[in-house]
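There's a structure below that I have some questions on.
As written, the chains take the letters A, B, C and D, and residue 1 is the first residue of each chain.
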Amino acid sequence: MIYADNAATTKMSDAAIDVMLTHIKENYGNPSSLYEFGQKAKEVLEEARTDVARVINAQPEEILFTSGGSEADNQAILSAAELGRKQGKLHIISTAFEHHAVLHTLEKLKKQGFEITLLDVHEDGLIRPSEVEAAINDNTCLVTVMYANNEIGTIQPIKEIGEICHRKKVLFHTDAVQAIGHVPVDVVAENIDMLSASSHKFHGPKGVGFLYARKGIALTNLIEGGAQERGKRAGTENVPGIAAMATALKEICSKMEKNTAHVKALRDRIIKGLEEIPHSILNGDAQKRLPSNINFCFEGIEGESLLLLLDDKGIQASSGSACTSGSLDPSHVLLAIGRVHDVAHGSLRLSLGEDLSETDADYIIKSVREVVEYLRSFSPVWRDLSSGKIKHLL
Amino acid sequence: MIYADNAATTKMSDAAIDVMLTHIKENYGNPSSLYEFGQKAKEVLEEARTDVARVINAQPEEILFTSGGSEADNQAILSAAELGRKQGKLHIISTAFEHHAVLHTLEKLKKQGFEITLLDVHEDGLIRPSEVEAAINDNTCLVTVMYANNEIGTIQPIKEIGEICHRKKVLFHTDAVQAIGHVPVDVVAENIDMLSASSHKFHGPKGVGFLYARKGIALTNLIEGGAQERGKRAGTENVPGIAAMATALKEICSKMEKNTAHVKALRDRIIKGLEEIPHSILNGDAQKRLPSNINFCFEGIEGESLLLLLDDKGIQASSGSACTSGSLDPSHVLLAIGRVHDVAHGSLRLSLGEDLSETDADYIIKSVREVVEYLRSFSPVWRDLSSGKIKHLL
Amino acid sequence: MALYSEKVMDHFRNPRNLGVLEDANAIGEVGNAKCGDIMKMYLKIEDDMVKDVKFETFGCGSAIASSSMATEMIKGKPLSEVEKLTNKAVTEALDGLPTHKIHCSVLAEQAIKSALEDYRSKK
Amino acid sequence: MALYSEKVMDHFRNPRNLGVLEDANAIGEVGNAKCGDIMKMYLKIEDDMVKDVKFETFGCGSAIASSSMATEMIKGKPLSEVEKLTNKAVTEALDGLPTHKIHCSVLAEQAIKSALEDYRSKK
């Protein structure tokens, strides 16, 4: 099995599993309990907080543990909106290709009277800082731009955007779910006020994530109840999961340079191999993208059948095809960078793991080529394209 | 170590750990992915849903997985409030001794214009169904009454309350976090519309819970984003955790009769032993309480020092003392059943595990007696009580 | 509980009657690329019988499987029977389809109907 | 990172000068049961010195430890020094207290001050 869907979720690292098991067995106490056994769990929790904070150059008290990236996104945006409401500022700037955790939260706010500006992401999948600056007005309470896109992997000019937001005194949140652990992130140097992350994207457990919020930013509770997480997120803390997340994060960050060099080389090898498929296109900028991300559109075929046949060949990948999402439209990300429906249906995302070998990469290239060729061999669309009955778009 | 704080959290069962590990290692795929490996994870998820549903006599599609009891409480109540708002019904009935996950959510709604009635819980810690009925008016959109109280363990007349709510056509939610796995619950027979539960209270993992919502009840999203959980709860599913929760739940329910007989006998033995301490009182009805719950107030001493000394003797317990909560007031639950501050500070909760032995129970009795006597020996309050300078309240 | 039944996967992996029928006298094409599904059915009709049939499909796994199954169900059959082929019959023959994939079987039915119309219009 | 420092736990587990001083000539009591903390200090003052001291406390671990530590800090000391004892000194001697427990050291300071007042009022 060549698992090339690491942007969807990753396998837990052995170190993270060990830490989780240890705490499940030895530190199952409730961190709110005052006996030694509970305080030990609290200690584990706070150590994890310190570890996580260090990785992004934040302070421990700026880290809030959540149940994942979606919760962190929701809480960050609703908190900024609440602060905006208090100042009569009801304008939020975001981008057209954010994750649904952001977009759907913004839709909810729109119904409550907020004005939402979604910036163009251009064909290269990159936000232009100048356009962020131009979109900010006196009513803007939040700019939220994802660090790296989950489908096409493009890495946004976060530092520049943050600098503009700071200068304009507007809160800046970034959904860094795809970035954390994979590219270096520094909330201070990059002027980030709030940041969301999810453990299962960097070999930690599922159901855990965190929200960074710069000191002084008053968060609104999404989940009310007990006084956990300084009263900002109720619920008995998942100490084993949180400790395992911190372990996974430290581990992946300690290997980041090595991983990046290795994965990037394989990424570029695969990109080169797939670019030779006629009438194909790489989605998103070739350079400013996650080391692990490859995203192509192939004309004349549909993504789901491509995935299923790759699965038969032992390769797990994903697609922005409508059929894979259960909705009628293909990926909003691909549409946002200007791919028309017909083409967007034929997309393939490969998100590489750090343990991929060159042999695996070559096998992927060979397999994708074969499957695309096979599917085109009986595609009426491809026939019409080849015969000139309809025009090639790619 | 005699861990007698199972109402705070429990140790994961070996079977649950095994299941969790298996899925972490073998089924780490994303259930939303369409390749076989992702579909296997989806299968595991749906099996868990079926298992959980069966235990409370619900349908699988009526179960929503959450990050715990607090999230389930928040979502249930906010959903009912949203439905109420649409009908112009802005009155909610609850009780004075609910968990903060419920009370704080109600406070939030109060600020939004809802009228909240908190029913008296009486000295025995039991809601009177007739008082529920009397409190319902044409504007009532929700009655939320906890199944069993987390501090004093009293089990409410849920079936009777549910019957009234059904007759009056008012939604009925119960926070069953302390009940599930410990007493039989049947959402159909007991007329329950919504129910919250938390995995770590029945030997499942932390950070997982579920919300039951009867078919036809439109839920409001707390966490917006992806289409997981039929679009009602976004976020990549914590499949290993959810499967482990289902395993733990099936396991504990299969042993419920045996556990209940065993724990109840020890509970009553300890209650008898502690009642012999002069000027003490059992909090909550002696019969209608969780098989594992013991809660006492001892006059003239303070709970935190009691807990610390019990910890030194290897016994982990909890208290409703202000000092243990970090707030200035003692437990709202003890105040709600009419304990005055002075007395409430001297409270002790023992929540027994299923593996407690008779020897352990006797050791607990002996230890509590010793510690209470010791603390009283240098308590100026006890001196004044003994000398008659102030009057005994117990 | 894989995404698809064994039958669907079998027809998807080994589609029957795949390709172009050079001497077809009835051709039907339905769907559109924008929606991600196009089916093209080539029928050779003689003596009110479907003597031969082939298909080409652009679409997801169930679209390919539905077309494949549909061709098998009409091959060698009299037009009177072919006309009555429903998407429900195709779905059942495939041991079911996920709810949001039922429209693939509808396309298969429509592609055949469209071919029959083509045949009649040319008569 | 236990709840309390080793020092606090030591004084909590083995309180020094616990009990009643029968021949005390200065008694101070502060706090109230409603809030969960009462401290009572018994001092035997002679020649402007704290010859002996004992305490009784109703309260949490840090209240007991604070009283115990405070008695040690004033025992055998001249009143001029005792008067200057601050809650900060008690806290430091205990190697710190959690923020929400600082008030326990304040109570200890107040109990001593209250005893000194009692002594002076009776002179």
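Throughout what follows, a residue touches a chain if its C-beta (ideal position, glycine included) is under 8 Å from a C-beta of that chain, and two chains touch if they have at least 3 such contacts.
Predicted, not measured: the structure shown is a model, and the values here were computed from it.
Most remote from chain A, judged by the distance between CA-atom centroids, is D.
Chain D has its Cα centroid 91 Å from the Cα centroid of chain C.
Our note on geometry: chain A versus chain B, Cα centroid distance of 35 Å, whole angstroms. Separation between the centroids of chain A and chain D, computed from CA atoms only, is 56 Å.
Chain D has its Cα centroid 40 Å from the Cα centroid of chain B. Residue positions of chain B touching 2 or more other chains: 34, 36, 304, 308, 326. Listed for chain C are no residues, as none touches two or more other chains.
Chains that are in contact with each other form these pairs: A-B, A-C, A-D, B-C, B-D. On the side of chain B, the complex with chain D involves touching residues 300-305, 308-309, 312, 321-323, 326, 328, 330, 340-342, 345, 378-383.
Interface residues of chain D, counted against chain A in their complex, comprise 1-3.
Within the complex formed with chain A, the residues of chain C that make contact are 9, 12-13, 15, 18-20, 29, 33-40, 55-61, 63-64, 100-101. Chain A makes touch with chain D in their complex at residues 34, 36, 39, 42-43, 46. Against chain B, in their complex, chain A makes its touches with residues 1, 3, 5, 8-12, 17, 21, 24-25, 28-30, 32-38, 67-71, 73-74, 99-102, 104-105, 107-108, 198, 200, 205-208, 221-227, 234-241, 304, 307-308, 310-311, 316-318, 324-326.
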